[in-house]
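A, B, C and D label the chains in the order they appear, each numbered from 1.
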Amino acid sequence: MKKKFAVILSMLMVALITLSACGGGSSQKDATTSADGKIKIEYWHVNAETQGGITVDELVKTFNESQDDIEVVAKYNPDMYKGLMQNLQAEIAAGNHPAIVQVGWAFLDYFSNNFEYQDPVAVNEKYDQEDPTFLKDNFMPNILDLAKDSKGNQVGVPYSLSTPVLYLNRDLLKEAGLDPAGPKTWEELNEFSKTIKEKTGKYGFYFQEPADNWATQGLLESNGAKFITDGKATIASKEGIAAYQFWADMVADGTALHTSWDEGMQSFVDGNVAMAYTTIARRESVQKGAQFDVATTTSPAWEGKEINIPAGGCFLGITAVDDEQIEAAWKFEKFLYSVESVAKWTMGTGYVPPRTGVDTAEDGLKKFYEENHMMKAATDQMDKVVPWASFPGDAGLQAEQILLDVRDQILGGQVSAEEGLTDAQNKINELLK
Amino acid sequence: MKSIQLKNIVKRYGNNTVVSQLNLDFEAGKRTILLGPSGCGKSTILRMIAGLEDISEGDLLMGGERMNDVVPGDRDVAMVFQNYALFPHMTVEENIGYALKIHKVNEKERQDRVSSAIKMLELEGYEKRTPRELSGGQRQRVALARAVVKQSHYFLLDEPLSNLDAQLRVHARKELLNLHETYKQTFIYVTHDQIEAMTLGHNIALLYNGDLQMYGTPVDFYNKPANVFTATFIGSPSANISHVTFRNGRVFIGNQNLVLPEVWQAHLTATGMEEMFIGIHPETVWISDTPTENSLSGLVTTVENYGGRWGIHIDIDNENWIVVMKEDVPVKGSTVYLAPDFKKMHFFHPETELNLGSPFH
Amino acid sequence: MKIKEHQLGLHFLFILTVLVLLFPLVYALSNSFKTLNDAFNNVFSLIPREFTLQNYIHVFTRLDFMRIVGNTFFISTTVTIFKIITSLLAAYSLVFFNFKGKNTLYFILLSTMFIPFTVTMIPNYLTISSWGLGDSLIGVLIPQLADVLGIFLLRQSMRGIPRSLIEYAQLEGASTYNIITGIVIPLIRPNIISTGILFFVNSWNEYVWPVLILKTKSKFTLSLALQMFISSEGGTDFTIAMAVSVMTMIIPITLYLIFQRYILDTFTTSGVK
Amino acid sequence: MQKRTKKGKWDHIKAFGFFIPVLLVFTIFVFTPFFKTLYLSFFEWNLISPKKTFVGLSNYIALFQDPVTVKVLSNTFVYILIMLVVNFIVPYIMSYMMAIMLKKGQNFYKGAIFLPYVISLVVGSILYLWILNPVSGPIGLIARTFGIRLPIWSKTDGLVLLILSLITSWKLFGYNFIVLFAAVNNIPKEIIEVAKLDGISNWHIFKDIVTPMSSATGIYVLIITIVQGLQQGFTPIKVVTQGGPNYGSASLTYQSYHEAFTLYHIGKSSALSVLTMVLFMVLLALEFYFVERNVYYEN
């Protein structure tokens, strides 16, 4: 009897060990070549089903069908670019390398400082003998520059490009007797909001509050402030403070809603907020939920000033390390940047095409734009796009965090914009030393 | 049948010695009772024999073989637990057949043995019931059947009747006797009840604080208690013990004295002691309400009705005695005169409390 | 008369508690049958303005949902079986054997309940990855095996078994194997079942770890399926998320309803006796 | 027949052998990581860099100088406090009401109240995020019909702690309730009947008879509430507020997750985890002191 028991016990152990061993065999050994001898590369993305996940699958499928010796495996990373960066940290710490990853703009410098990556222009030249200048030929220099880090290295190629636009609930605007075309300036937006609050009792405005400062940068820099000047934080300039205080004042007098991104957009979509300033990537979800006459308009300007809005979204970085993988990664990347693929990407997500020649091409987006007026606001302002302020060095993420912390303090009314921003600026510059 | 011998057995839990240097023989085929108040170590001894407790020192011989390190399952003992230890998830039948199943006795024989045990203990008709559907008495019989069916040499019982009510207990005692007469195993029975011990035992081992107080037949226990403890433990009510002084052929109790018969005088003089304990069983004293020759006088403080017998509590110069009588009961507060039966009297050593012996035995 | 009012008040209190606790479930169910538009604009009504199965259809057509359920089921079942066996052995050892350092060992194991999972997360991720188990179902389930809850619960229930039953079996020569399979397991079967269900449900609801480990769609579990419809940038597709939530809840709730009595009994003895 | 003998140590070996599977997984996935975290708390590291810089105690010093630590600690204590009220005192009183006062419907209430315990807290958090949306959720809309604008709780210090605790309690309430109910229900009815005959009020019965007689379970639930609250409280924080506003809802557990996976301060995160563990260990010591030592288990 005891023997029987010992047998069972040891079977249990063996099962445990083999379970782990088997798992290892299937997922690890052939990470680079699949069973049929194909080169297998991983494409890491953040695109949930509501944000282009469907299109990613289509694109990968099309590409794999067109290739005999390369197989792309798309890997979804939850929790956006931050989540992807977390997973990448851990994966690389464990000694594995995906081939292509989406890197959020806020992580540009962090990525280039901490990860091994391939300069896409160099890869283009080295591995694509037929078309060694593909990137230079098809990308506007200012767009390609978005993916340069603070030291001037080309870290990747812009892929998902978004800009913040102003969403309008035209029904509410009309109800309050306002121009349904929406405000053109921030000052006007303030007036609109006050009227809406008085006439309808609802919130006039919601300014997006995600875990980054992308739209905030647009608000401040359009007023003439600069997040970063010569590698130092300069956010607490007169203009920066004024713009921030403007937002805080709207929250304080109850015309603007101060809440989390999802809740804020929920309230816009169900008609409790008249105007929302957020990314064009939300277009589809807003359109699907809204029961009212919804429209978008270009980012408001400050009276008499130029609009400066940062590019949102991500670039593609090549993290493959051996030649075979890099070459395969390039082939896939080139496929993603073809006119057809980019068009598909825009239609599936609402991101603005990063390369030239897509907007007007018949097989591109011409028809799509004609049917989707809401996209127009985003494409119209592409010439105003500036790089996302990415603080240099290892402390960049913490600098970003300091700005997020101060946002809650200022909007919550605990400190004035002047105090908050000055303090944040000092802290960041202390870190950047 | 085989005997069990304990040789210099010691049981310790940490620094706490529960059984010290115990030597005991359990005669083959005889019923031996381990008797004693709770905490005296009697159950521990039983469990050591069964192998459920390790033996700290000494030898356990079963059938002449040293068994200290043999696993319980191979000691060939059947045991009945105080709470019966019936498996609640098995039927009566399954419970009884469990041991046979474990020992891989073949199906046919198993059935035969189980059904004969069931018949023997009058459990027919209850085969398919689970223990919780049985009465206390029935459960006790299942536990017995379970032990019987094993046909082992040794039969250990740990207070098997303590969960039964008084009437059932008498019946169950008789049943146990019948069982043993049939199978004649070496039978060890743990109890704190002296009546059970007296009625069931061929031999009784009385324990107190892990020490053997007396080993003997039930008759010896009453007639020749080995020491004060034994005298007070046996009998209901137990023996009256008083400190006395023996001088000039008399024993002095308080301010009174009794003249001892000559045989006693000689016997006690030979011990050379003056101070000692006297032990007198309550049934061995005559009481009268008029003064008699060579008697003690005392005041009746309480009269208890035992049903057909009375217990008379008497204060003899601050010594409290109990006397049992059947008729002519004195009333509370009256003065009575006590004349003990000198043949049934015991004297004990003042320090060791050992029986000083009797010239009548 | 005072007594009656008193009972009424009590019932009111308990019904209110039940409503508060169960409202989210009803809300999820109701919204999973609404269109997104309906969900945004018809907040109050628990009955959809236009009843739609679109959310469920979407989930099933867009995702290989049966596979996702299968993956989750595989992980939860495996975790449950292994944990029941290992916990049973450990608990048996704690209750019915005496050995040096037993209490210390139990103390140490019990104290792991108090280790915040953030402590073990990073090193475990590295371990799993270095074994080549990143992005695999096995990688998701293995670390879940280190859980003291089962030892705790089964130890409690085994303590309820009268020692004499085990002693009797030993006396009859039953081996440890016989005792465990023939006596201990049948006697505490309800506790084993409910502990198993708890393991299953906890593993089923596991969130942070699978989301950290899994990346390939064919290996997704329900937690990731839910995550797929929540994106900060693209927005949350609320009604689809609700459909996924309902699908996620169905199995634990069904199990609970079937074995409710066992589960409640086990927990009523998991306290301190 | 050859008799098997107890081979002195065999039982010990078997007893220990039964622990091998458990010890194996615990060693790999709990004990080793535990010491690794302790080790990492003395380094500065970002999880991927091949270079770990030994910094001695400076991570700990930085923690003690950081005002955020103070805030997170005080949040944690507020969470604990709210949990104790909502998840310990309330179910204690309610279990008394059910066991002693309520005459009918016990089984239904028990079953229904326990139900959320089997449901994912992630699902619960998402649901409550919608239901409790102060502008657009059902409660917010009702309030508005009365002309009240609810505070935006997710951005309001203090209030955010309360709401997140309530969300966590939604899942854990049932378990605590059931366990406490069992303890209260196990008190011999005669004792309470005698008290009622003597005209003692329900409150006094609860305070003077029920609480002391169920105190062992009471303390167990008390400690489980604190610890589970802290562990499970992580989920709604992560799903709903990500620690905001300005660390207004971050607990110790969340903060060490945040330091590690948002800022990649592995050293500082580890130090914070160690600090959290010390806190937990104190609670555990209390648990053993009160529950395991002072309680007599019948064999």
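Worth a mention:
Basically, a residue touches a chain if its C-beta (ideal position, glycine included) is under 8 Å from a C-beta of that chain, and two chains touch if they have at least 3 such contacts.
It should be emphasised that the depicted structure is a prediction, and the values quoted were computed from it without experimental measurement.
Most remote chain with respect to subunit D, judged by CA-atom centres, is B. With centres defined as mean CA coordinates, subunit D is found 56 Å away from subunit B.
One simple way to say how far apart two chains are is to compare their mean CA positions; for subunit A and subunit B this gives 89 Å. Inter-chain spacing, taken between the CA centroids of subunit C and subunit D, is 16 Å. Counting partner chains per residue, subunit B has residues 51, 71, 73-75 touching two or more of them.
The set of subunit C residues that touch two or more partner chains comprises 40, 43, 85-86, 89, 122, 142, 174, 176, 178, 230, 236, 238. In subunit D, 21, 47, 130, 136 are the positions where the chain touches two or more neighbouring chains simultaneously. Taken together, the chains touch in the following pairs: A-C, A-D, B-C, B-D, C-D. The part of subunit C that touches subunit B in the complex is made up of residues 162, 164-165, 167-174, 178, 183, 186-187.
Taken in their complex, subunit A has these residues touching subunit C: 1-2, 4-5, 8-9, 12, 16, 19-20, 22-29, 42, 44, 46-54, 57, 73-80, 83, 86-87, 90-91, 93-96, 162, 210-211, 261-262, 265-266, 269-271, 279, 281-282, 284-286, 288-291, 312, 349. Residues of subunit D that touch subunit A in their complex: 17, 20-21, 24, 46-49, 129-130, 133-136, 144, 149, 152, 154-157, 240-242, 244-248, 261-265. Per the touch definition, subunit D reaches subunit C in the complex via residues 11-12, 14-16, 18-19, 21-22, 25-26, 28-30, 32-34, 36-37, 40, 47, 94, 97-98, 101-105, 109-116, 118-124, 126-128, 130-131, 136-138, 141, 170, 173-175, 178-183, 185, 216-217, 219-221, 227, 230-231, 234-235, 238, 252-253, 256-257, 260, 266, 269-270, 273, 276-277, 280-281, 283-284, 288, 291, 295, 297-299. Subunit D meets subunit B in the complex at residues 1, 3-6.
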